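Quick heads-up: structures coming right below.
In the two complexes that follow, chain A is the common piece, with chain B as its partner first and chain C second.
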Partner chain A sequence: MLSPALVSLALFLVAPILFIAVYSFWIRTAEGLDVPAFQFGNWIAVATDYYYWLGLWGSFKLALITTISCAIIGYPAAYFLARIQFSNKVLLLFLLFLPFWISYIIRTMAWISVLGRTGALNTMLISLGIIDEPLKMLYNDFSVIMGLVYFLLPYMIINIYVSLDGIDRNLEASARTLGCSPWQTFREVTLPLSLPGLGAGCMLCFVLAAGSYVTPRLLGGPDTLFFPDLIYEAIISQLDWPTGAVLSVILLLSLGLLVAVYNRFMSLSDIYRSFAR
Partner chain B sequence: MSATLESRAALWLLGLFSVAVYIFQFAPIAVVMLLSFNGSRSGAFPMEGLSLQWYEKLFANDSILQAFQTSIVLALGCSLVATAVGVMAAIALVRYQFKAKNGISTLISLPLLVPEVVLGVALLMFLKLMGVYRSFGMLLLGHTVLALPFVVLVVQARLVGLRQNFEEAALSLGANRLQTFREVTLPLISPAILGGFLFAVAISFDNITATLFWKKPGIETVPTKIFAMLRTSISPEINALGSVMIIVTILLPLIGGFVVRRFSRGR
Partner chain C sequence: MRFGDDKKYERLLEACGNGDISRRQLMGFLTVAAAAVGVVGGPFRGLTREALAAVEQVRFDGWGGIVSEAFRNNAFPAFTKKTGIKVVEGEFGDTDEFLTQVKASQPGEYNIFLVSGVYDYARFNKAGFGAWINEANIPNLKLILPATLDAFRNETGGKLSAIPFDYGTTGIAYNRKYISDAEAKEAGAKILWDEKYKGKMAMYDGWQTRAWMASLYTGQDPQGATDVEEMWEACRKQRDLVVKYWGSGQEFIDLMSKEEIILSDGWSGRVAYLQQNGHDIGWVDTANAGFAWLEGLMVLAGSPMPECEQLLDFCSEPKVAIAIAEGQNYPPALDPNKVELTEKVKSLPGFDPTGKFENFIWEKADYWTKNQDAFKKEWERISKGA
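For the complex of A and B:
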């Protein structure tokens, strides 16, 4: 019964991903045909081009700022959700996940209407007399990070929440009886026990942010450099598939390495668990 | 143990902060919906009265309606396949013991972790090798792979929660495996199957990044249509389109969640 799933995944997922690696060694002839070969020309061309490294750094920088922002905003909210005594907690969690369901492109697009020159924020600030001239908030790294944090925050919160919710409350109570202050209890007991959730959330946010194409494309400015854009340009616009293959392998390997390191210390099953909820 | 004044104040602060987080999550969506009813000619702020003009323009726009049609056919098609394949895989993973189970679980969840851009490139290159070019067929195949893990996860979660007594009872009363599956297991997991199906529809309907790699130039799904509209000139009817998408993408999982909950009561 597994075989249809395994065959389709092997054929349309695993084999294609491996095939990218093969393609990255192919040679592009003068007529624009890609012929099978084993040579490092494409790899050397990419590795010696400073621009690609800037692009990789650009994506990683955006992803890092996004991940840290999500952790700082998400942890207190998750803590509150896990600790509050409220009969309709399911409703609160449901509300948190509602935007999560709303079309990704719409949630990204919404920020144009919020941050733009005549957007909601500028209109509000001007009518309140706080500023005279509209602020330039859109089409730069700031708006990209806003968009990324906005779409990734629920992932972060649910991962931390699951982790906090699973902590035996008696441990915190014992720490308090043994003389810990609330802050000490949090620092010495709660925070360490919730690290798997925080770690899972951070990894998920980083990987999804660094791999995102649409958000930086729509909300970024002309000098926003991000790696998936270089891949799209190579494959779709310039039809330079061998270069596109090299770039795809680089993105896959660098993010895969991150996942592998994470998996070495914490289990990936934490992430799947939060998906299954 | 009584909460101290200090920790109560801390909880209040946390509560306020969480309210701000919820506002942050909902405000941008509210802005889109508000602007879709804008009466002003430019469609931007400040609002000038309410009107349905952008909805009228939207439903008169053939290329958008065409995109809706493409998206719906695509979503239904890939979800049917993903559900059939995913349900079987979930049953096998939960009900049978075999080696390499963890490896297979990881494999099935792989589309969740591989960057979508890479998935897009991979299938594009591989299928070209077999003579398949950017087309609706490629979209159908790709979306099926993307939706599969979600179907498996939803059905798996339901199966794990389902006690095996019913199946064992049926078997001991003389039903064969197929009968047991058809008469006992299937009815019990049918809400989860429907849930998984709607999940898959939502995933496909919402997908954009991989779709940009797989679609034939000229064919647009609703998300890629919006993407194209945003990159050329921002016409105000896009907010009306956005509001329609908001309603559709909220309703689908809501119906799914409701169905699953409604029918899993009688366990």
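For the complex of A and C:
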């Protein structure tokens, strides 16, 4: 039963990545043609161009802020889900993933109606007399982070939830009987035991955010520099596939390295566990 | 008794499970089978394509939103009813994106698309993606404006791989609630650098339009800038005033209609749509601040030519072409001296009643082709803060 899976993986995952890697060594001629070759010109051009590294840093910075925001917002929500005495908890989990039934693009675009100059938030603040002029909340890093947090929050919550749900409640009860306050119990017992889930959620959110393309494109402004957008520009606008391939491999390696480091200290199985539930 | 592929595979899997063959051997068999399919499939690929072409359907790709709707509502169902040929629709955000899709596809996967501008027509042909049309199969070609036909023919040595279909202009759109006609007209392209409108304007995220407007702003020929650095410096200056670079006509409509912005460069058809839907949007046309472009229905290499030519001829029938023009708000490339156009068409922004286009500034394909790589790269960096 393993062979079909291996064949699928080889055909649909490994082979395309290898194609991209091979393409990164090709030459793009002045006429716009891609000529098969093995040379490092594209790699050197990218490595020595500060612009691309700025783009990578921009992506990672926004991904980090998004991940931290997801963790801060997601933990209490997951805690609530794990601890609530409710007979039909599956329903709550179902509600968590309900937005996924709507197209990602539509969900992202909905933020324009919320954060825009004439959007719901500005209209409300003006009608309450809190502000006179609309706040600039759209088409900047803030709106991109909002969009990404909205998209990634369920992934964070489900990971933390699984971890919290698996904690033996007797451990918390024991801590309390030994004199711990509720806060101490949380800090000394619950939080450390839920760290694998939090770590898995953070890793997943960071990787997905750093590789995100649609949200920065729709909600970002002229100052939003995102690495996947540079890949898009190279491949689609400039038709420079070899450079686009180099950039793709760099993003893949950077995120792959992150996953490897995570796996070294935590375990990828925490992520599998979340989705196996 | 004959076994199908699935049965053979099941037997192999069973043999592997029983230990008769090793997992490595199983993988080997599968690899050989996959390679055989690949090798045998190659020669048959052409036949498959021809068989598909005979499936009586053609693919049409165009700009989304109101443009796609105009074709869908006014042409394709009637064409299918008349000929039995189904039209499969696709959309693209911009021509660069579509060129990438065509580049990555097999010949024949894409058939007809709405090519925007002589420059795009030229570069698709230079890349070898165009297919030559047999003009005898398109009787309605005689109704098309000679000037537009010449524009395409000049790029491809007298032959055609597209028929002119409509034309439009890029100009400046503004909300009359905040900006008067007099102010917009007097300032022309310079209004796009007015600090007064900082944070209230957006621009099209197209390197060609950006280079054009910046050349006008810096007093240079938009199709022959001599101080390119000054041109890009103007773009950098403008970037600080812009709230968003929009990527599609629908996004432009959305931004203007919701008053997220009050000023932008835009396309005549989309501005007409806004006006028709009750938005008080003013327009400074090509003579003052922009340029004109010619759109055509281009046939791509490997397409079923007779069916494609049938569709091109059908879309060029005056009744159909006018209905599409009214739907998408771009005047048709029909000769007004040979075809009676409707009042709605005559009132569209950018419509030329003479059909001679004397006041129009058309894009010069040579200039843009020569500079496309450098301009694209530079613009993309500037648009991202570089």
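By our rule, the second predicted complex is superposed on the first by the 266 of 277 C-alpha atoms of A that agree within 3 Å, B and C clash if a C-alpha of one lies under 4 Å from a C-alpha of the other, contacts with A are read in each partner's own complex, and residues count from 1 in each chain.
The rule is short, and it goes like this: a residue touches a chain if its C-beta (ideal position, glycine included) is under 8 Å from a C-beta of that chain, and two chains touch if they have at least 3 such contacts.
Remember, it's a predicted structure, so these values are computed and weren't measured experimentally.
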{"item": "Side-by-side fit of chain B and chain C on chain A, or clash", "value": "clash"}
{"item": "Dominant contact partner of chain A by residue count, chain C or chain B", "value": "B"}
{"item": "Contacts of A:258 with chain B and chain C, given as first, second, both or neither", "value": "neither"}
{"item": "Touching partner for A:195 - first (chain B), second (chain C), both, neither", "value": "neither"}
{"item": "Chain B versus chain C as contact partner of A:110, first or second or both or neither", "value": "first"}
{"item": "Partner chain in contact with A:13 - chain B first, chain C second, else both or neither", "value": "first"}
{"item": "Partner chain(s) touched by A:150 [first = chain B, second = chain C, both, neither]", "value": "first"}
{"item": "Contacts of A:95 with chain B and chain C, given as first, second, both or neither", "value": "first"}
{"item": "First, second, both or neither for A:173, with chain B first and chain C second", "value": "first"}
{"item": "A:45 touches, of chain B and chain C: first, second, both or neither?", "value": "neither"}
{"item": "First (chain B), second (chain C), both or neither touched by A:137", "value": "neither"}
{"item": "Contact residues common to both interfaces of chain A (with chain B and with chain C)", "value": "1-2, 6, 112-113, 116, 118, 217, 235-236"}
{"item": "Contacting residues of chain C [partner chain A, same complex]", "value": "13, 16, 23, 26-27, 30, 34, 96-97, 99-100, 103, 127, 199, 207, 239, 242-245, 247, 254, 258-260, 373, 376-377, 380-381, 383-386"}
{"item": "In the complex, chain B residues that touch chain A", "value": "1, 4, 6-7, 10-11, 14-15, 17-18, 21-22, 24-29, 31-32, 35, 42, 44-46, 84-86, 88-89, 91-93, 104-119, 121-127, 129, 141-142, 144-145, 148, 152-154, 156-157, 202, 205-206, 208-209, 212-213, 223, 226-227, 230-231, 234, 238-239, 242, 245-246, 248-250, 252-253"}
{"item": "Interface residues, chain A side, partner chain B - complex", "value": "1-2, 4-6, 8-9, 12-17, 19-20, 23, 73-74, 76-77, 79-81, 83-84, 95-96, 98-99, 101-107, 109-114, 116, 118-120, 123, 150, 153-154, 157, 173, 176-177, 182, 207, 210-214, 217-218, 228, 231-232, 235-236, 241, 244-245, 248, 251-252, 255, 259, 268, 272, 275-277"}
{"item": "Interfacial residue positions of chain A with respect to chain C in the complex", "value": "1-3, 6-7, 30, 32, 51, 55, 112-113, 116-118, 136, 138-139, 217, 221-225, 229-230, 233, 235-239"}
